[in-house]
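Scroll down for the structure; my scribbles are underneath it.
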Amino acid sequence: MTLSSPQPASAPPAQTSASQDDLTVNNVEVVYHDIIQVLRGVSLTVRAGQVTSLLGTNGAGKTTTLRAISGLLKPENGKIREGTISFAGRTLSALNGTEVVKSGVVQVPEGRRVFKHLSVEENLRAGAILGRGNWHADLERIYTYFPKLPALRHKQAGYTSGGEQQMIAIGRALMAHPRVLLLDEPSLGLAPLLVAEIFDNVRRINREEGLSVLVVEQNANIALRNSDYGYVMENGRIVMEGLSAQLASNPDVKEFYLGVTEGGARKSFRDVKSYKRRKRWM
Amino acid sequence: MSQPSAPQLEVQGVTLTFGGLNALTDVSLTVPPGEIVSIIGPNGAGKTSLLNCISGFYHPTRGRITFGQHDLSRAAPNVVTGYGIARAFQNLELFRGLSVVENLLLARHTHLRYGLLDSLVFYGRASRQEAENRAYVERIIDFMELEQHRSHPVGTLAYGIQKRVEVARALTLSPELLLLDEPMAGMNVEEKEDMVRFILDIQREQGVTVVLIEHDMGVVMDISDRVYVLDFGQLIAGGRPEVVSADPRVIEAYTGVAEQKHAVGA
Amino acid sequence: MPASRFTQTGNYRTKYQQDQTIFATYAEQLSVIVLIGLLLLLPLILPKTMLRDVNMIMIYAVAVIGLNITTGYTGLINIGQAAFMGVGAYATALAATRLNLPFFLAIPIGGIAGALVGTFVGLPSLRLKYLYLAVATLAFQIIFEWGVGHTPLLAQGGAISLPQVQVFGVKATFFNHNFVWYYLILPVLVVMGLLWRNVLRTKHGRSLIAVRDNDRAAAAMGINPGTAKIMAFMIGSFYAGIAGGLFAYFQKAVVIEDYGLHISIQLLAMAIVGGLGSLPGSFLGPLFIVTLDRLVGNGSQWLGSQNLFPAGVDVATALRPLSFGLAIVLFLMFEPRGLANWWRLSRLYFKKWPYKF
Amino acid sequence: MELLPQLLIAGVVIGSVYALAALGFVLIYKSSRVINFAHGQIIATGAFIAFALTQRGVNFWLAGLIAMLATFVLGMLIERVFLRRMVGEPIIAVIMVTIGLSSVIDGLIHLTPYGAGTFSFERPALLTGQGIELFGLPLSKTQIAGVLMALGLLGGFTYFFNKSTLGITMRAVADDQMAAMSVGTSVERVFALAWAAAGLTAAAAGVILGLMSGLTLGGLAGIGLKVFPVVILGGLDSVVGAIVGGMLIGILENLSAGYLDGIVPGGGTREVFPFIILIIVLLIRPYGLFGTKEIERV
Amino acid sequence: AQKTVTLPWSGAITGPTSDAGASYAAGVEDYCKYANAQKMLPGITLNCVTRDDQYNNANTQRNFEDFVGNLNAPVFLGYATGGALQLKSVIQETKIPTLTASYHIGIIDAPDNTYTFLPVSSYSENIVALMEYIAKKERGAKVALVVNPSPFGRDPVVDARKAAERLSLKITDVQEVGGNNLDNTALLKRLESQGAKYIINQNTAGPVANILKDAKRLGLLGKMQFMGAHYTGGEDLTKLAGDAAKDFIWATSYYLYDEGNQPGIQLVKKIGAQYKRAGDTIRSVHYTSGMQAAAIAIEAMKRAGNSPDAAGVYKGLISMNGTRAFNPGFAVGPVTFSAKDHIGAESQRLLQADATGNFKAITGAQRSALFQLIHPMK
């Protein structure tokens, strides 16, 4: 049966116990084109079996962090100058993209990037290039997570809607049997209902397959609600971290990421002031 | 028909078909001059397609779109722009290799009125007009707070800044109607606030009509004068924001909750 | 006037109009005058066969500016520029031999003919992009060659001889031919270069670049991408036509082989080696390619006499395409912005001189 | 009158050679969106390698096989050394690299005794003797072999691209390299493979062409140009398109030679007719009969 | 003191038609060196320059300017039809006597024809001779012309039409076929359907060989007689077409390699061996024709005595007639030139290929009387 997950998931209790299967990013610095420094010593941990979120302003370096982990910096002319990234006893920072995927870490790129000219099913099959397991069975597994997809299997992915494309992109990544899934802004440009649906699905996969997830989000609200632990990044540095619930109640996070006043009421966009309070960590 | 100061945008029974698939079905709506009108709806509902129809990138299979006395239904994009309608794209469509200034100068194309021969000799008319329009561009740069990026190639700018350049460029066209397709996608609350401030200023200070596509219900509810909701290519609701957000069909199709509660935690 | 206009290191301009100038500092203006002076004296110091190469370089430069207009600035890949040259050459030849027009009228007629045909051939660009357009221009090149071969009026590709010209009482003969034509080609090249430089700083020039970078966004700016593309083809093939007219006179006769596919490719190579979308590159590219060819040709005469190669191998024939191809490939791999970039860097260097950067 | 069917058959025969030549083109375009202007030169290289081997007493079939292996490696090398650095560069740059390469290979062939002159294969026993006759049109065994070879290779590749995971991945890479990398595809390997496979088919095409009409550098390399109408008609990224396009162009060429040449003074219309068709196809259906339409949304 | 005089040649050592050009260049070069070795020109050392122009006229022009402008060559040995036509006015102006490898009659037609000479009979004359042969065999026969798509190929068509009229032959078709033609089924089927029995080719050997091979496959060799002008035949053809070349009839002025009893051929073999040329090169008729051109030029210089300048060479050339005709032995007749006569060895033979691929003469050396009627000189 396809639904059986390899490892019955009971969420790990706390942040304390370090596990072999944690993904750790240790003091990483990244430069593009040898001169543009984007990450200035980033450290974070994705605990095994948990959902970890990474928040931050535009251009903070979130995508860059994911690229550093998944070995996709090189095509962008970027490289890790300092620090290490390790997972399951391997040093990911020394590997290329293919090897990282082999070691069980797969990224769903920002903006979805489905293969536009391939059918939905071919998109998923393209995810099975490393030939783990039986792709027929895997397809069925993905279809149970995303019941909308089977009906579209022969449709060209370029003509599916944004939400469907996000599902295809996640499904495609799952075909490679990852142990850690990196999601880059899955909610980008999606309608609220779809955002909720995507996150529900991610949560479910996380639970059923014991898959660790690192999700980069602008929608802090939904990300914090659906993760166990969170990091906030600005200007290439981690400026804050904590259990998601703790983060959500931090006044700065509230003000700058959740858009609620200290009182707890939602600010109106109509009343934005030109004068802005300075962030405390700056 | 009376002639208001700024013309009104009128979409009448527009249907758009892509090989059997109806991206839009019989959509009719009105955008009165000076208002901020938002269009919301699930992904693939046809919002961008509607904007494409207005701005001339697609032509409706059936129906009519007018802007004042201009019929937009069959007009090419550059013609629509000439009527005073500007657009910022959902997926950045900037001239990536050019600097911010050059991007904005391009938006002055229709305001520069000299011929190829003037260009060849570049004396008098061409030279003078170039300088005048350059000054105009600098004012927009000031307004949109893009000074420090002025001469950088836009391709190297951060995503959020590029979005702002996109809006600035549309504004440089001196439009009467501004079409904004998800100008705040991928921004955090703080950055959204900045963008909202620009949009409000554009509307208030320059009297520009704005059509806005946005998924952030907070923004939509706060700043729109009027909201239309699309679902599967059909218009399912339209009216004042608070009325629309309470509409059960909208809740079912789109928002999922009666009012966007920004409460934290599960 | 501030002395800084001599060695301006920063931007001290106070008017937008000053941003428009081509040669900003006195140093630059001076260097241009010196350059033109040197160019005027060049034939007096150059050996005769080299003068012929210089003339070829200048004619090709006119065609390469045109190619840059379509391909470099507007992004419409054109593998048929030699055919446009051919159109100009044949028009010029007909004007000179059938209508007995003098050269200063016959050559512009070549340009106009080029522009007309170019406009027509450019029409597919309204629908076609990138590679597809490239293939369409390639098809035009082949159809052109075939068409000439089947047109008795054009001697079916055989030679149509052109009359020798007489300027200011000087008659061009076999022995002063290159000399006379040098002084005819040089001004044409300078004027053609200046005209294009002017267009570049105006809305017309910008609109071409806009269409290249993103034609949908260009349309949203009120630019009609179709008009812009057609205009690019029109101007680009006008330049080609002028070059063709010059070439017709310069070669003393028009034959189809001078306007074949390999010439189109050579022009593209010149544009690329010079730097796509760059005016200085349009001069440097032809200079480099022709010089390389001559050097390799001479070098291989020596190499060939060393008996290093098996019988039946002509070293020059092997090394010339080899070096030509390698030049293209290496430039694209290691200096995709072409010689124009070296030019730019060296100018920057002198601007900041004596300060190193 | 039996002229028409005969022209059609002759068209199919020559068309299958075009198809074979076009196949290598399509393979490269399909995975990397590169148009290879040096394909004709690779075809020539394959043919001359085979020829040089037979000259040295190697059995014809073995020579053909070695030539295919050699161009397989050559394709891979070209990708590795030249094209890999060009990933992400503008289209025109990549096109020009292949144009440059065509000159380089031309030059290299000129360094061998095969650059100038015309040569012909010693026909192997299997291909000599009477062929078959269709509608009164005698076909040589070489021609039949050419058709079979073309159909076999083309069928195989069609199946490969549509059904095998590697085939799908190659298409995926063409679509979005970054996304393909994100699921663990080695884009480099895919490109190298595509070029290698193209090289292999090029040698096959070259040998068949050499058998049919002798070996000259110009003639063999020139086939690289003839292939354009074929792939534009069939669709740049379609293997099926290469077959159909090849056959159609072959047939149309023959029809024009059969019927138009009588009308046009001087004839020789087959040289230009395919290119006129090419322009028409481009205007009506730029992505060809079977090619993928670019998805463009704003 | 020894004077140095340049004997220059520019032609296609590579590129289109290089199969002919490479051997031709070797012939020119070797004969020139041989002349130096033999001290044929007292007090003069020849500077033997052969330059590849890749069949590209711009290169030809450049070479010409270099030869004449810098090296002061008193004579020019050219190659292709296109290049020769383009240079006509320049040659007229510079008065440099010129001999080309192209035997295109237009080169010596007016205007601007004072200084251009053909070493042997023209393509047109070749073809008229072939037509005379046909007319003798079969009255009112149907003939088709297959020509190269270039001035080189098209040139003889006019004269062929005139000849057909006089000989009451019927020209059913004129078709252009170039080097890229891979399949001639349609062509041959059409010619067959028109009932053409004699197919006259004006081309290089490559395209002709392809046509012959296809004709063999289609079983047409028995029904059609293929024939051709100078550049269609010889070793090249039999090498390419194999047994399909059997019975091909070829018109040329040259002696062939296997006519070892001819003094000219003996010289060819001797020089070829001396300069270590490959067997294929020596066997090629183009090697012989290269020597013919060089020999004529050198003889003209010799006749110019101690003033081997352009005028002297011209005088030397036009002195070759009557008792002063020049016979180097490469072609079947003596080379005769005069102010009016610009064709060297006018005589030619028709030869036919046998089963082993050797061409055997089927006529004696003769001039075509008819040709002089339809294409009178001057």
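Of note:
First chain written, first letter: the chains are A, B, C, D and E, and each begins at residue 1.
Simple rule for what comes next: a residue touches a chain if its C-beta (ideal position, glycine included) is under 8 Å from a C-beta of that chain, and two chains touch if they have at least 3 such contacts.
Listed by chain with UniProt protein names: A, B = Branched-chain amino acid transport system ATP-binding protein; C, D = Branched-chain amino acid transport system permease protein.
Every value quoted in this text rests on a predicted model; they were computed, and no experiment measured them.
Traced through touching neighbours, the fewest hops from chain A to chain B number 1.
Across the structure, the highest number of inter-chain C-beta contacts is found for C-D.
With centres defined as mean CA coordinates, chain D is found 48 Å away from chain B. Remark: chain A and chain D have CA centroids separated by 44 Å (rounded to whole angstrom). Rounded to whole angstrom units, the spacing between the C-alpha centres of chain A and chain E is 77.
Separating the centre of chain A from that of chain C, both taken as means of CA atoms, is a distance of 52 Å. Annotation for chain B: residues 57, 89-90, 93 touch two or more other chains. Chain E has residues 13-15, 22, 149, 154, 176 in contact with two or more other chains.
In chain C, the residues touching two or more other chains are 146, 149, 156, 216, 311-312, 314, 317.
If you check the complex, the residues on chain A that touch chain B are 55-59, 159-164, 185, 188-194, 196, 218, 220-221, 224-226, 245, 248-249, 254, 256-260, 266, 268-270, 272, 274, 276. Chain E makes touch with chain C in their complex at residues 13-15, 22, 52, 54-58, 61-62, 65-66, 68-70, 81-82, 85-90, 93-94, 106, 112, 149-151, 154, 176, 276-278, 281. Within the complex formed with chain C, the residues of chain B that make contact are 55-57, 76-78, 81-82, 86-87, 89, 93-98, 102, 105-110, 112, 114, 116, 118-122, 126-128, 130-131, 134-135, 138, 169-170, 173. Chain C meets chain D in the complex at residues 71, 75, 77, 124, 127-132, 134-136, 138-140, 142-143, 146-147, 149-150, 156, 216, 261, 265, 268-269, 272, 276, 309-314, 317-329, 332-333, 336. Those residues of chain D whose C-beta lies close enough to touch chain E in the complex are 3, 6-7, 10, 13-14, 17, 110, 115-118, 120, 131, 137-140, 209, 212-214, 216, 218-219, 222-223, 226, 250, 253-255, 257-258, 261-262, 265-268, 270-271.
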